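Two complexes, one shared chain (subunit A), two partners (subunit B, subunit C).
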Partner chain A sequence: MNKKVLVVDDDSDVRSFVVTVLEENGYIPLQACDGVEGLEKIQQEKPDLVILDVLMPRGSGIRLYRQLKTHEALKALPVIMFTGIAMRSFLKSQKALEAFNGGEIPKPDIYLEKPVEPEELARAIDTKIG
Partner chain B sequence: MGVEKILIVDDEKIIVRLLSMSLQSDGYETITAGNGQEALEVFKAESPDIVITDIKMPVMDGLELLRKIKEIDADNEVIIVTGHGDIDSTITALQYGASDFINKPVRDEALAIALERAKDKIRIREQLAGYTRDLESKVAEATEEIRRKSNFQKLLIHASNDAIVAFDHQWVIVVYNPAASRIFNVPAKAVLNKMTIDDLYPADAARIFKTTAENGTGKKEMPWKEMTLCLAPDRCFPVRYATSVLHEKDEFVGIVNFFQDMTEIKRLEQELVQSERMAAVGQAVSGLAHYVKNILIGLKGGSYVVDVGMKKNDTDKLKTGWETIKKNIKRVADLTQDLLTYAKERTPELAPCAPNEIVKEVAKLVSDTAAAKGIRLILKTDPDLGTGIADSQTLHRILLNLVSNAMDACTEDEDTSKDFFIEMSTHALDRDRFSISVADNGCGMDEETQSQLFNPMFSSKGGKGTGLGLLVTEKLVEEHKGTIDIRTRRGKGSCFTITFPNDAGSAANIGQGG
Partner chain C sequence: MKIKKLLFVTKFEDLCYDALNALLDLRKADLEHVIFLNVIERDKVAMKRGSGYLKEEEVKLKETANIRFIDWAESLFEMGMEVGAYIEVSNLIPEILKVVEKEHPDLVVVGRSHKGALEQLYSRSDLTELTRRIQVPTLVFKHMLEDNLLLEKIFDRPLLATSWSASSQAAVDSLKGLGRVIGQLHVMHVVNDNDLKSKDSHEVQNVRKFERKRLDALCDIFEQQGIDTRPHVYVGDPEKEILKAAREYQASMIILGSSERNAILERWMGSISRNIADKSIYPCLLFPVKK
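Then we have the complex of A and B:
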């Protein structure tokens, strides 16, 4: 059975690119355009992998990532960060939030900085759930 | 005053004894002498308070004694005992400074009266002496106090970091402290009481202070101002200065100048401006790079989707990919346009136009997009606002910028339960001005974002804004002689109000003329 992959990004250009890559590589694409919708889709559709943008309105990728990693049933769900934000900045924000909230959140499995070649994205997805 | 010591001088021993006994019984202390010579010795030895002397005596008569005593102590009370009709002697005695006269034979009453008078005189003199002594010590004290204070002030002036230069009413320099000599580079001894304002100050500065002194009778203190002191063609530096015109009983007595050398402060300011400019350039470059990168992501993604579409003959894919590519081409075009607008000086093309109509046009243009995002568009045009002279294209662009910002503010609001709206309104303010407001109830801005609004390339929209939008808007507003005003609250919304002259043409002319 084909695996389901959810792309959460507010940019429709990015979504159509990722969706096409997913289709080309035999996955079933799902879409959400912000963090809130992303969490809803994850709970409804139970995807096998999430491709997550960072800067989005309504619950950024930073928040959604933390929600997933602190959720008992969802923390095992693999996440690929796919964003224009440098990994260093993202990790810094995580560190600051950890200092504030306590607890430690595991680093993202894969962190891809846009722009990314379709082959590279496909390879990243394959290593997680292929 | 204690018991008076009285010296009785007479060659007739009996008289001396009688007088002596009488005075002693009245409580006086008495000493005696038989002639002038003897009396003088006793006087020197005993310092009596009062002397009573006969005139005619052997060896030294009373007049000579009187003269000698007055030489020793001009204030001593000498009472002369005279015989009847001795007018010449009396006159001489008066000339020598006798205090009083008693006729022979000496009667007790007359003597008592003469003594009382003498004692009164002594008392008054002693009181006077007391007052004088008191006064002298007070004057000495006050003098010392003044000296101390003036010394303190001198030290103060000397130690001041501000240069202090004071002139008297003839513009001669009377105060000139070390800080002043550092600025003017002339030693104090060459300046104090030697130079006038024209010798020390450059002509323009001297003129300023002379005018100040002439006009400054009403207001004695002037606020700090800045000017450039040019002491030589190659020695010009910025100073802050303050002036006090000094008056005494409404009479001009002089003027004091305080100077602060601003060279170092100006240099630091310059450095700060420079580093801010460098930071802005850095921010601009990284902001632009980010934006261009996003366009690149779009173009690459789009062309991949087009590739797939062509390979599979999938029209939907082709369409999606092609839309993405077109959208990003437009972004490049907009960015280029914004950059050009920002960089280029442009004169507005002025023509009669109706702002209300432009607002309606823009509202129509964005109505579809707004509806798609669930934002209500409210239009409130002021019927009193007629035609103005303006560049309709510029107004159009400004409004479009503000409205698309307002739409972004609504879509970015975390509270999606709001009934989002954007209200565009026009207002005829007075005969010469009108304003257009664009208000939204979207996410609003915090103070930090607000303070950065007009920084080049600052974008609150992550990589999705060029950071040029508001900057371009501001420039267009300025070109149009307008002003822009922002009110915003985080979570509540923002209101941008732009105010324009009714006739941008004449306002522009006034602007250029002034």
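Then we have the complex of A and C:
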């Protein structure tokens, strides 16, 4: 059975790009346009992989990532970060939040900084669930 | 009321990262979430004779804004803050109100209006339009550098001008929670000389004594929260006297309740709070009239 991949990004052009890559590689694409909708879709649709932007309205990818990785039933769900925010800043944010809230969060499985070629994105997806 | 979430509205020419940075002291209180909003005015990408809708221009403007926001967001994320961003082609005021409805910020930060006096009289300034319709405290940020005053931590030395109205009371309630942010607070009330029954010195001193007592009570409320507070009574034209006090005490911003006049009256007679917010060199924090 084809695997489901949820793309969470507020930019409709980026979602279209990812959806095209997913369809061309035999995956079932699902979409959400912010962190709040993303979490709802994850709980409803139970995707096999999440492709997650960081800078979004109504709940950033950083918040959603932490929600996933601290949730007993969802922490094993693989996540590919796909964002314009540099990985260095993402990791620093996690450190700052750890200092504040406690609890170490694992690094994302794959971190892709926009823009990427379709082949690179497809390779990353295949690495996780192909 | 706590300021946990801030909506920062920028056209980039008016407000940039230095303005945001001047507000980050609010983290010492409760600030944890910043939302950026850039509205690309429709006329910049609208249908033009011979060229139609300028899609390429829209993409370029959105990307330029996105790059700025990514840069700012990285700095805030690194501090452990939560950040969100909207870049929309729309009309400024309706879009601000739409985002306020979605995000429920505790404070909205906007730049100074750039419309001329005549234009404002007939079409209203963006600021007048916004503060009439918004139900959230709004900070009108100014670059004091334009006027040779150094930009600093703007909550360091605020001046609260109270008219004893409900919106002034809302300002008091909100400021009480900023004990760790405010350096020294100045509170003032202006007795409008038109409201004096007579101009003899006994009457003026009596009114001064009465208002000073009310201000002292207000100072007690703030000092219970650990905020060093100084009271001042002025007599005269409220707009002029508030600006005079701001200069005398080197205020880092002016805090006011919004006018409770109706729209027509306000267009012709003006509003003290909006006039100060629109024209003075000081950043102004306006508290709305609850509807």
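Note that the second predicted complex is superposed on the first by the 130 of 130 C-alpha atoms of A that agree within 3 Å, B and C clash if a C-alpha of one lies under 4 Å from a C-alpha of the other, contacts with A are read in each partner's own complex, and residues count from 1 in each chain.
The working rule: a contact is a pair of C-beta atoms (placed from the backbone, for glycine too) under 8 Å apart; a residue touches a chain by one contact, two chains touch by 3 or more.
Note that this is a predicted model, so its numbers are computed, not measured.
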{"item": "Partners on subunit A (subunit B, subunit C) - clash or fit", "value": "clash"}
{"item": "Touching partner for A:G59 - first (subunit B), second (subunit C), both, neither", "value": "both"}
{"item": "Which of subunit B and subunit C A:G26 touches, first, second, both or neither", "value": "neither"}
{"item": "Which superposed partner A:A96 touches (first subunit B, second subunit C, both, neither)", "value": "second"}
{"item": "Contacts of A:F17 with subunit B and subunit C, given as first, second, both or neither", "value": "first"}
{"item": "Subunit B versus subunit C as contact partner of A:G84, first or second or both or neither", "value": "both"}
{"item": "Partner chain(s) touched by A:G130 [first = subunit B, second = subunit C, both, neither]", "value": "neither"}
{"item": "Offending stretch of subunit C which, after superposing on A, collides with subunit B (from 133-141, 169-177 or 223-231)", "value": "133-141"}
{"item": "Overlap of subunit C and subunit B interfaces on subunit A (superposed complexes)", "value": "55, 57-59, 84"}
{"item": "Subunit A-touching residues of subunit B, taken from the complex the two chains share", "value": "290, 293-294, 296-298, 300-302, 304-305, 308, 317, 320-321, 324, 327-328, 411-414, 416, 462-464"}
{"item": "In the complex, subunit C residues that touch subunit A", "value": "35, 66-67, 69-70, 73-75, 77-80, 82-86, 99, 102-103"}
{"item": "Contact footprint of subunit B on subunit A as seen in their complex", "value": "11-14, 16-18, 20-21, 23-24, 36, 55, 57-59, 84, 114-115, 118"}
{"item": "Footprint of subunit C on subunit A - complex, ascending", "value": "10, 34, 54-60, 62-63, 84-86, 89-90, 92-93, 96-97, 99-100"}
